[in-house]
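Next, two complexes with chain A in common: one pairs it with chain B, the other with chain C.
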Partner chain A sequence: MYNDMPKVDLKVVLLGSSNVGKTSLLERFIDDRFNENLPNQSTIGAAFASKEVCVNNIKFTLGIWDTAGSERYQSMTKLYYRGAKAAIVCYDVTNLESWERAKYWVRELRSVEETCVVYLCGTKKDILDEGKTATPDLDIVERYAAGIQCKFYLVSNKTGEKTSELFDEISKDYISDPDNLHSVMEAITLTANSKTDSRCCPIG
Partner chain B sequence: MANPEAPGVDDVIAEPGIEPGASAETMLVTTDSFEEYEQEMSNSIDDRQMKESTTSTISELQEDIREAPPTPTAVSPTEPKPEPPDDLELEDNTQQLSLNSLEIDPLRNTTWLAQRKHIFILSQAGKPIYSRHSSEDKLVTLMGVMQALVSFVQAGNDMIRSVHAGDTNFVFVVKGPLILVTVSKTLESVPQLVLQLTYVYNQIVSVLTQSQLTRVYEQRRNFDLRRLLTGSERLIDHLLNFMDKEPAFFLGAIKCLPLLPSMRDAISQTIVQTCGKIKNLVFAILLANNQLVTLVRMKKYFIHPADLHLIQNLVASSESFKTVESWTPICLPKFDSNGFMHGHVSYLAEDCQACLLLLTVDKDVFYSLSDAKQKIVEKLRRTNCLEAINESMNKASITTAEIGLPEMRHVLYKCKSTAQFWSPGFQPPYTTDEEIERLLGLYQCLHHRLHAPNRPLKLIFQQLDKETMLAWVTSGFELYLTFEPLVTKPDAINSVSKLLKWIKKEEERLFILNSPTF
Partner chain C sequence: MYSIKTPTLRIDEADLKCKNGCGYFGNEEWQGYCSKCHREHLQKQRAQREHARIHESDSSSKTTVHGFYKFEEKKRQQEKKTKLLKLSVFRKTATKTQGFSEIWQELVKDNPELDKVKSETRDLLVQIAKTPAEKDVRKCIHSFVNNILQMKDIKSVEELSELTQNFYQVFAKRMENSPNYADVSPETKDRLLDYIERYTMTLLYRILFCPPSTTDEDKDLAIQNRIRQLNWVSGKNLECRIHETSSDVRELVYTSITDLLNMDSVKAPQEKLACVVHCCRNIFVLLQQSVGGPASADEFLPALIFIVLKANPARLKSNINFITRFCNASRLMTGEGGYYFTNLCCAVSFIENLTAESLNMPQKDFDAYMSGARVPASTWESALTMCESIHLMCEHITLLDELKAKNLEIIAESDELKKKMQQFPEKVEAEVDAAITRTPLIITPSQRIPTNLDCVDAESYQLPPPIIPQVQNIDIYPQTLNDETNETLTSHVGDYNGPSIEDCITPSPTFDFPAFDSDGGLHGSKGDDDTSLISLDTQCDLTAEESYLQDRDASDSLLDESQASGTNLPSPLKPVCSLREDYHGFSIQGSNIPTIPCNTGDLSHNTSDLEADNYSGYFHNI
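On to the complex of A and B.
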């Protein structure tokens, strides 16, 4: 009989408006690639991908849920952040509306999933490098992030800048919590009997 | 000119009883694409009252799929009188039209005006929702005119069907809370254009469900549907291009990936065995290159080709399915227009680009399906099935020349009992997109004549400038053929019978003749 449980240790959810680059962020992390020729391919429903990471010689699996930014899936999005240990709330650094939306998601998570660690992620940094101005000003974002005690990353999925650092940080933060470490170790002992594959490669 | 032959020719072409690809077992709902149109034509007036169905396939999976078409009564499409808006004035202005004005005013842009087929979607209140060749919000006035035409005729308790001006057809479909309009300069007939608009409507239903669509407009008549459709425009865009290139739509049929029957059975059995224990799994569909590899279904449930076409469209227009596993809500309008199914969608492997869809009515089984998919792939790899799929995907389709029919250039063969069709690879002169679309247009003309409501034909032999066309419909199949222009009738008939024998010999590879269930 099947038991509908993920085979992942750390459930991460990506949230944010449509077209901020959640799917691109995921693709950057999973396959380290970016498809520039593709116009915005709105996610329909949600998508899932998992990847094994290794921190301090401890291997565990990240399972990432990429949600649809579009309004019509909003009611379904709850399903995906339920039980998430970490959330990456994305906004487009040149799009004020997406920033407002990001703040909404932060509030939502704080009230519904208290144990979920929130990471704020400004995307499309490459556009800033080309000379566009950030809206809102990055100072405001940084102050906001500091105020709610969450980490802020400015990334570019196009160039790959800071994306792996973001996921590294999430993995490290997770494993530094003794409770999480404990459950990961337990899972390792359980699987160790069946598998003796002990290769370990550092992430990033 | 069409030249209906004496019925005696039927017997000459092939010995009776040959019906390649026929099977008593099928997983597809068989329909005549034309019936759909008749239903549409007789129904659309009542449609506005929206007889909300009380049964839902999804909530009552025990019950049989309801597929009872209301008795279609013959309707003679009314030819409305309204003249197209000021053609003369438009022509006067053409000289000054600037090519750059698309973003400002499409109506003053020559390229826009010259498009062969426009598609517009608007709400019954006249709000623009979609335009194929430009952004819809620049077309508020134009859509206002369309809405006015529709409601003017409605006021007389009638329904506007089409307007014909020179070589341009304006075709209207009013469905639920939406008005769909096409302005077409192609050779496609009104029923074929209606069918395409119906597909577009079904695509919207597939994204939102019929009940949600009805509800938002009940709550607010002037609702802006674009808010809910954000991100789905690409599905409509792709669907429209798809219909211009794919005969599957007007044939109402599905093409299968050629595979040895033993391989196909092994694939189906792998899916059956792996997924057998998962409750509420309704369909497992494996697609490769837009062709069906296999379809496993829950007993009692069938899938309609029109629903499968929408699934093919979804897969073909979503690049991201290739990297991740998707969990996609999808409404299949013919299966149950009021509810979502949940689809686990993923490609088999990096080295095997076939897309597997596992459709369920249970929204909490993602991880089970994800697990099942992994197991299916492992098994298929061990049994060399992935290799077999790849081999067939990478092989160029056989051409009629290779079959040994030198005077035959191309053919569409539809087996009616299974709703599947087969066509060979294109060969010169049909090697450019333009030529392929032209050929498809010729097939559509034949298709229309065979199914014309007032005078359906059984056989057409048509000698044209660049090719000779033959179309033949029997109780078992539909056949559309392209020959060299100077082929003689006896030679053509001779090669048709050779072709049918060849298809019969290959039927187990070209078609799916059984219908596996969980």
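On to the complex of A and C.
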């Protein structure tokens, strides 16, 4: 019964205020998975998703953890990003408040999970395309992202623009880290004789 | 220790006065009485104890406590006591002998879960049986358990946890590198890793779960109390979107609560984790029904908090700590199980730190609810009782719906049947009409034919004199000859007619049925052959008895012939020699058979009826 829970190599946590589109981003991720026709657990909930990805012929499993955005659960969120290798911090490009919250998450992550790679993600790009102005200005965001050395993505969950690129980038960055590569490679050598991938201890 | 501790948790102003109501202030040390009353009380109590040894002194101190809480408190204390007792017994054996094998024995003995683990993984064990791998697994488990047993009193739980996690990792590495496992498939290795975790943890459960060196148990009690205090929190407070009114959803709520409660009853950490996963998956299903679509984390967490609040699982903290400490972290904690488990931890942490603010309600209301001064209308308990009846009504409604559907079906069917019934006479009428239009022309000629036949019939009726039926038996063969022998036939008929008519007329109308039935009728029913056979036998008697001398001549010869017919049916009675003679007679008398046609005429008329045979049999008899 516990064998139906696939092991995850790369834990990615989704952070951000409520209604910025974390769940839609996850749904996009799940949709991609469906498009690839991979046998996996059926979607009963869009809170956790795992997907096997392949970068440079190295296969590993990506697991996305969604978090509750509501402020009342803010204090517990550190439980979620414990051990996370990557974090997608989302904010609504037209919502200043969500931007402030995003900056809070970035600070929080930097202090608590140093190894966690942060990806800044502005959602609802489609609204910008319709002519609305971004608050704060995208220049400011880009400058901020460059300042803290994290990648900034402007995505649209509605059109699916850039969402898969985001996840691809996360996978690539993960595997390019020699430490991560080592742990994944270890898992691969361990399971070289079979197609099942599991076992190995990627916790760093 | 607990008797002192628990009352201090709940002191309000009323407690400050003497419980006896004498007006003086009471004192905690005097169990809430003033000094005077306390002394009296003690004396009374001592007397009581001597009488029945009912309660320990602490029970009286709790009289202020709410009845319900008192009961709960007592229950808990008893639990605790038995537990402590168990542990002390356990420890005693340990210190006394210092033999780990003995502790091991004790752990293995009376451990049904361990047997369950073994039986559930039997196929795995069989798979590796008698391989070096099995030996190595045993060795590893043995050394690890020994290690833990040695360390259990020396090291802290955290260190033991570290040991365990190390053990998992080392074992995983060992399986990869050791030649012992060269032949083992990766899938089996996975299962082996799972197995050693399950086995060792089930074995060591008593030692590692909620060890006395930790404060797990106190935390358990604290969270249990906390949840009990928060029993007024509804789904609305948590802004969780569970449709409590839908019976399907309610069913799922119960299921997920059961799953969560089940966590305490299973032992291995991954089994506990599986319970959490089951619970959470059910929550997702019920949210899917409530929300209509895959639920997000924003909906899931409040729902989980709600479920935890309503379930109030036993030893929640101990279980959570046990999983965090002893579950193979690298394997399970990053996947789906880990996600749900983290959510559970979050829910517990939320409950522990729950404030008026986190429920979006005024502090005043929150305090009122917490102190029990205000009881919300929609507490789970009252909701449960109401739900019970709603549930029943729902069931009845669905039952009625089903009945209604069935009823409609029946009505439709009966309508159809009615229609068919109405159509049937019409159809029959139409058919009859058709038949009438078809047949009338045939009927009239058929009426004429009988008139023509009547002559023959009259002949045939008249003809059956006793002799003739005997002849008839032979005639079954010569029927085809009838035409050829017609001339001779008629001449014979003419011969017989005279005497037979009188005999024939008398029996044929009455037909002497009773006599016949009792004799030949019974036999006759068995079949034509039988009747002819039997009738043949009786004929012999009858012919002997009856004094128709005229017939004698004929009957002598006919007897043989009739027997000849009887030879078709195996007749044991008749001698073979007669048969030969018969054959002679038969072939010779082929021309003498004449009378037959009359009877055959008879037979041809009635062949369809059994009665006809009977009649013919009757004729034979005669």
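The criterion applied here is as follows: the second predicted complex is superposed on the first by the 172 of 204 C-alpha atoms of A that agree within 3 Å, B and C clash if a C-alpha of one lies under 4 Å from a C-alpha of the other, contacts with A are read in each partner's own complex, and residues count from 1 in each chain.
Here is the rule we use: contacts are C-beta pairs under 8 Å (C-beta built on N, C-alpha and C of every residue); 3 or more make two chains touch, one makes a residue touch a chain.
Computed from a predicted structure; not experimentally measured.
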Partner chain in contact with A:Leu128 - chain B first, chain C second, else both or neither: neither
Scan A:Lys11 for contacts with chain B and chain C and give back first, second, both or neither. second
Looking only at chain A, is it chain B or chain C that touches more of its residues? C
Would you check which partner chain A:Leu138 touches, where first means chain B only, second means chain C only, and both and neither mean what they say? neither
Would you check which partner chain A:Glu27 touches, where first means chain B only, second means chain C only, and both and neither mean what they say? both
Taking the superposition on A as described, I'd like to know which of chain B and chain C A:Asp66 touches: first, second, both or neither. both
Between chain B (first) and chain C (second), which does A:Cys150 come into contact with in this model arrangement: first, second, both, or neither? neither
With both complexes superposed on chain A, which partner does A:Cys54 reach: first (chain B), second (chain C), both or neither? neither
Would you check which partner chain A:Gly83 touches, where first means chain B only, second means chain C only, and both and neither mean what they say? second
Once the shared chain is lined up, is A:Ser75 touching chain B (first), chain C (second), both, or neither of them? second
Using the superposition on A, tell me which residues of chain A are in contact with chain B and, in the other complex, with chain C. 1-3, 5-7, 18, 23, 26-27, 41, 43-48, 66, 68-70, 72-73, 76, 79
Name, in rising order, each residue of chain C that touches chain A in their complex. 169, 172, 176, 185-187, 189-191, 193-194, 239, 270-271, 273-274, 277-278, 281, 284-285, 287-288, 294-298, 300-302, 329-340, 342, 345-346, 349-350, 353, 357-358, 360
Residue numbers on chain A that touch chain C, as the complex places them: 1-3, 5-9, 11, 14, 18, 22-23, 26-27, 41, 43-48, 50, 63, 65-70, 72-73, 75-76, 79-80, 82-83, 190-191, 193-194, 196, 198-203
Along chain A, where are the residues that touch chain B in the complex? 1-7, 18, 23, 26-27, 30-31, 35, 38-49, 66, 68-73, 76, 79
In the complex formed with chain A, which residues of chain B make contact? 207-208, 227-232, 234, 277-278, 314, 318-320, 323-330, 342-343, 363-368, 370-372
